[in-house]
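Can you keep this structure in mind? I'll have questions shortly.
Here the chain labels run A, B, C and D in written order, and each chain numbers its own residues starting at 1.
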Amino acid sequence: MTKITLLIHCKDQSGIIADVTNFIAKNKGNIVYIDQHVDREQDIFFMRLESEFTSFSMEDFTTNFKNDLVAKFAMKWRIYNTEAKPKMALFVSKYDHCLYDLLGRYNSGELFVEIPFIISNHNTLKPIADSFNIPFYHIPVTKETKAEAEAQQLKLCKEFDIHFIVLARYMQIVSSKIINQYPNKVINIHHSFLPAFVGAKPYHSAYKRGVKIIGATSHYVTEELDAGPIIEQDVTRVSHTHAIDDLIAKGRDLEKIVLANAIKLHIKRKVMVYNNKTVIFS
Amino acid sequence: MTKITLLIHCKDQSGIIADVTNFIAKNKGNIVYIDQHVDREQDIFFMRLESEFTSFSMEDFTTNFKNDLVAKFAMKWRIYNTEAKPKMALFVSKYDHCLYDLLGRYNSGELFVEIPFIISNHNTLKPIADSFNIPFYHIPVTKETKAEAEAQQLKLCKEFDIHFIVLARYMQIVSSKIINQYPNKVINIHHSFLPAFVGAKPYHSAYKRGVKIIGATSHYVTEELDAGPIIEQDVTRVSHTHAIDDLIAKGRDLEKIVLANAIKLHIKRKVMVYNNKTVIFS
Amino acid sequence: MTKITLLIHCKDQSGIIADVTNFIAKNKGNIVYIDQHVDREQDIFFMRLESEFTSFSMEDFTTNFKNDLVAKFAMKWRIYNTEAKPKMALFVSKYDHCLYDLLGRYNSGELFVEIPFIISNHNTLKPIADSFNIPFYHIPVTKETKAEAEAQQLKLCKEFDIHFIVLARYMQIVSSKIINQYPNKVINIHHSFLPAFVGAKPYHSAYKRGVKIIGATSHYVTEELDAGPIIEQDVTRVSHTHAIDDLIAKGRDLEKIVLANAIKLHIKRKVMVYNNKTVIFS
Amino acid sequence: MTKITLLIHCKDQSGIIADVTNFIAKNKGNIVYIDQHVDREQDIFFMRLESEFTSFSMEDFTTNFKNDLVAKFAMKWRIYNTEAKPKMALFVSKYDHCLYDLLGRYNSGELFVEIPFIISNHNTLKPIADSFNIPFYHIPVTKETKAEAEAQQLKLCKEFDIHFIVLARYMQIVSSKIINQYPNKVINIHHSFLPAFVGAKPYHSAYKRGVKIIGATSHYVTEELDAGPIIEQDVTRVSHTHAIDDLIAKGRDLEKIVLANAIKLHIKRKVMVYNNKTVIFS
């Protein structure tokens, strides 16, 4: 049995859904999930589809789909083996809350993912990686060594066939060298309700502005700081009784959950990116 | 141009999506929305589809769809003219907040619906109906006159070709006589987070229990009190500083929004009911 | 019986609470509410207190309190007759949702306030004002007539002894001429989660940025646009399925509730302003 | 410097606040926090106060306060050393998510508490306890051995001078033998929005009922199952797309945060219990 997940986007046109579902029926596939979205302002069609085939391989699908449909509709498309676990690299720094949270979920089987290694610019969190038996690479980063450090990081990612990178409060700006290798595949957690409080120390800015609600935002990293496509956001209520440290503590819980949810959406290939925004299928 | 909204549910089987989308393509229709859900526990397939045809009427669709597909998959199905405004009857009692809210939305064009009349067991809210120029029928209800009152209500509903009924804090239990004529078409707003606090005075019960969050629930009315399929719920945080009157005041805002959202979902035919639960399409 | 509400702030010092409560006990008052807050970063003390006296007038309190305590602690303070309804001026433009909402609450007694009149730069909403029997003044505003229009507005406010002004989607920038007469007494509702999306068309900006949550913010108006002290905020979840019009419709419900809540807090004198932030007592 | 936290409740009477603040001033104390609440329905007064003394010990306070004020107002009261870390016993079973979450917070210093040991009726989670270097006692519980097991549990609690017990998804009903020794000191996390779905398998019941929001509730354990005073609750939105396993996964995040927040409130002595409800000071 071949199980595939298919993502398509293209200019909105008549007949796409019928042609795609037809293609699957013709090849004896069963559609187990279909969802679609049309951005009426931009006139773009998006589709996510899960299908099962008894005698039609991923290669068969790829070849035939390309011939029959991709050119016809000028589709941008991706296909995944639904049953293959993606490989995720974890980048951390000194904060442990997102790391603990993700490894706890990983350990209990909540995340359908492999984590071949953890990279950090500090040695602080090595004991946590050790207690979960995950290899830990300490790659210090200074202004001078940054290019070299990123080369090392990329080498490791290649070596372990990493599919996507998670910055779990990594606290370093990742350069285009990495972003270009992993477009819409570097997931960051920013500790504010973006676009409010871009950049460093958002809890301090939120405190100063006197907001009554704080948030966290998980997004794909692009070259513009904290301006990439938003995958997930959540918020919580605060008041004048909360000092900056209280905001930081409350924010940690938001960061953990928002990042974990964004990762789950990415793993299940439920996120499509266009125009620096996301379509999130249910 | 014929615009239709189609709702289907049946046992989950291979090929349904392909057959339906094929049927539409064959008849030169364009699918503008498709969403589906499979309840894996019950093995039931649900689908909502919007389609546009240039030379295929609703009657054509109905006849052909029945012949080609309904029997094949043992479908339960409904078809609607997407552009036809459903007719909604409003039942109220003495509370005005949901009435003001709904009429304000109606007036500004937010609700795609006609409201031919308002029925109440009291005369209290007649001035509001008058100020919005909507006919108001005062039909008092006592234990003795209930059967007769409901007969009058049903007569009005028939006369005006009412599609669904909204109990906007109507405060009376509606009997099976009405429910059977309008199955899954009588929408109630209950002022608690069901299934907590079924029945009368839920805010008093919430206060007594010392809950930290209160809610409101909009559901289709069935014969069992406050136990029908839930369409929409929302909640808000409360504390020990809130007396019962504060809960009631905070609850009013929940009731207004939850009821309005449930009505909008119903109007857009986004709700499917089965096993006393709802599938809510996005 | 004299019922007073007292607000105090000053540098944090030992003995303030004891001295104030002592003062009240000495004058045979009963404290029915006391709450305090210390901003540890700025070292400022805030207090809100409600008290009842059988034979001690507001004038007595004012004179004696000034002599006994104000100088000693270098207090900034205000005193209110708890039972006096404040007078509120409503400024609107063409949007009716906040107006309907506030007048519905006013009519049902939910707002402890008098509304002597409504001012608008358009005639559009006059029928609503009429149906609630509230005088409506149409004062057009153009670039050229703005100064004169504001003079007229202020004249009306003086004439009716207005205590505070509510901009219920007034859509005009209010100049310092008005702000200076009503410092921290002009309440605005901005249709975004400030500080995100300051200025015009925030729903369009939110749509463009692809946020997953939208908000509304009620704040006191200061000379810097949308940068005044925040009184209340709330948010709601949105997705890629929401077009701009859907954001606007969902936002209307936020605006109504956030503005109403901010007004209630102001009416109950639960808001204290300092450093462009608010302390909100419970 | 002596830092105390004082909790008082009694019948509401004139002059309590003045007398208490006076008592502190007289003894050269500085009040750093005061909050009060009056339940007007029951006519009960509640107060929480933090104070600092340079030459007045906890023993001095206790003796003098008793003489001067306790009898006069028929107060129920408790006094704590603000700087003393309470000792907390953790009871777990096989679920690891709350345990990981609490130990992660404990490790990072977020919880002002000591955890002398973890008790479980299974050996499953011992490795986690080990990795955090916390003694783990495996005390199996069967119907026959329950009384003996609880005796062992109590013996450990006494031995380590435990102040309160946290049932972090302990999955066993705790008998009155333990509850009576720790009245309002056994904190449970129930995986529903109480009072909805009392008892076993609440996620299954929520799924069956088709609710649109699920919740978690932390409460003090009393003899009636899941009916004790509620400390904290939180909720999250679900839909028909969530199978039972999805509800369970989403619920885990609620459980973690709600339990952690309830524990923090308890540790800071911000919770007062009466009439099976709680007053939660800010």
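Here is the rule we use: contacts are C-beta pairs under 8 Å (C-beta built on N, C-alpha and C of every residue); 3 or more make two chains touch, one makes a residue touch a chain.
Every value quoted in this text rests on a predicted model; they were computed, and no experiment measured them.
**Student:** For chain A and chain C, what is the smallest step count along a path of chains that touch one another?
**Tutor:** 1
**Student:** Based on mean C-alpha positions, I'd like to know which chain lies farthest from chain D.
**Tutor:** Result for the farthest chain: B.
**Student:** List the centre-to-centre spacing of chain B and chain D in whole Å, with centres computed as mean CA coordinates.
**Tutor:** Centre-to-centre distance between chain B and chain D: 42 Å.
**Student:** Mind checking the centre-to-centre distance between chain A and chain D? Centres are C-alpha means, answer in whole Å.
**Tutor:** 37
**Student:** Could you say which residues in chain B touch two or more other chains, in rising order?
**Tutor:** Those would be 239, 241, 282.
**Student:** In their shared complex, at which residues does chain B touch chain D?
**Tutor:** On the chain B side, the touching residues are 37, 39-41, 193-197, 209-213, 215, 229-230, 232-235, 239-241, 243-244, 275-280.
**Student:** Quick check: in the complex, which residue numbers of chain B touch chain A?
**Tutor:** Chain B residues touching chain A: 14-15, 17-19, 21-22, 24-25, 30-36, 38, 237, 282.
**Student:** In their shared complex, at which residues does chain B touch chain C?
**Tutor:** It is residues 96-97, 100-101, 104, 107-108, 110, 131, 239, 241, 249, 252-253, 257, 260, 282 of chain B that touch chain C.
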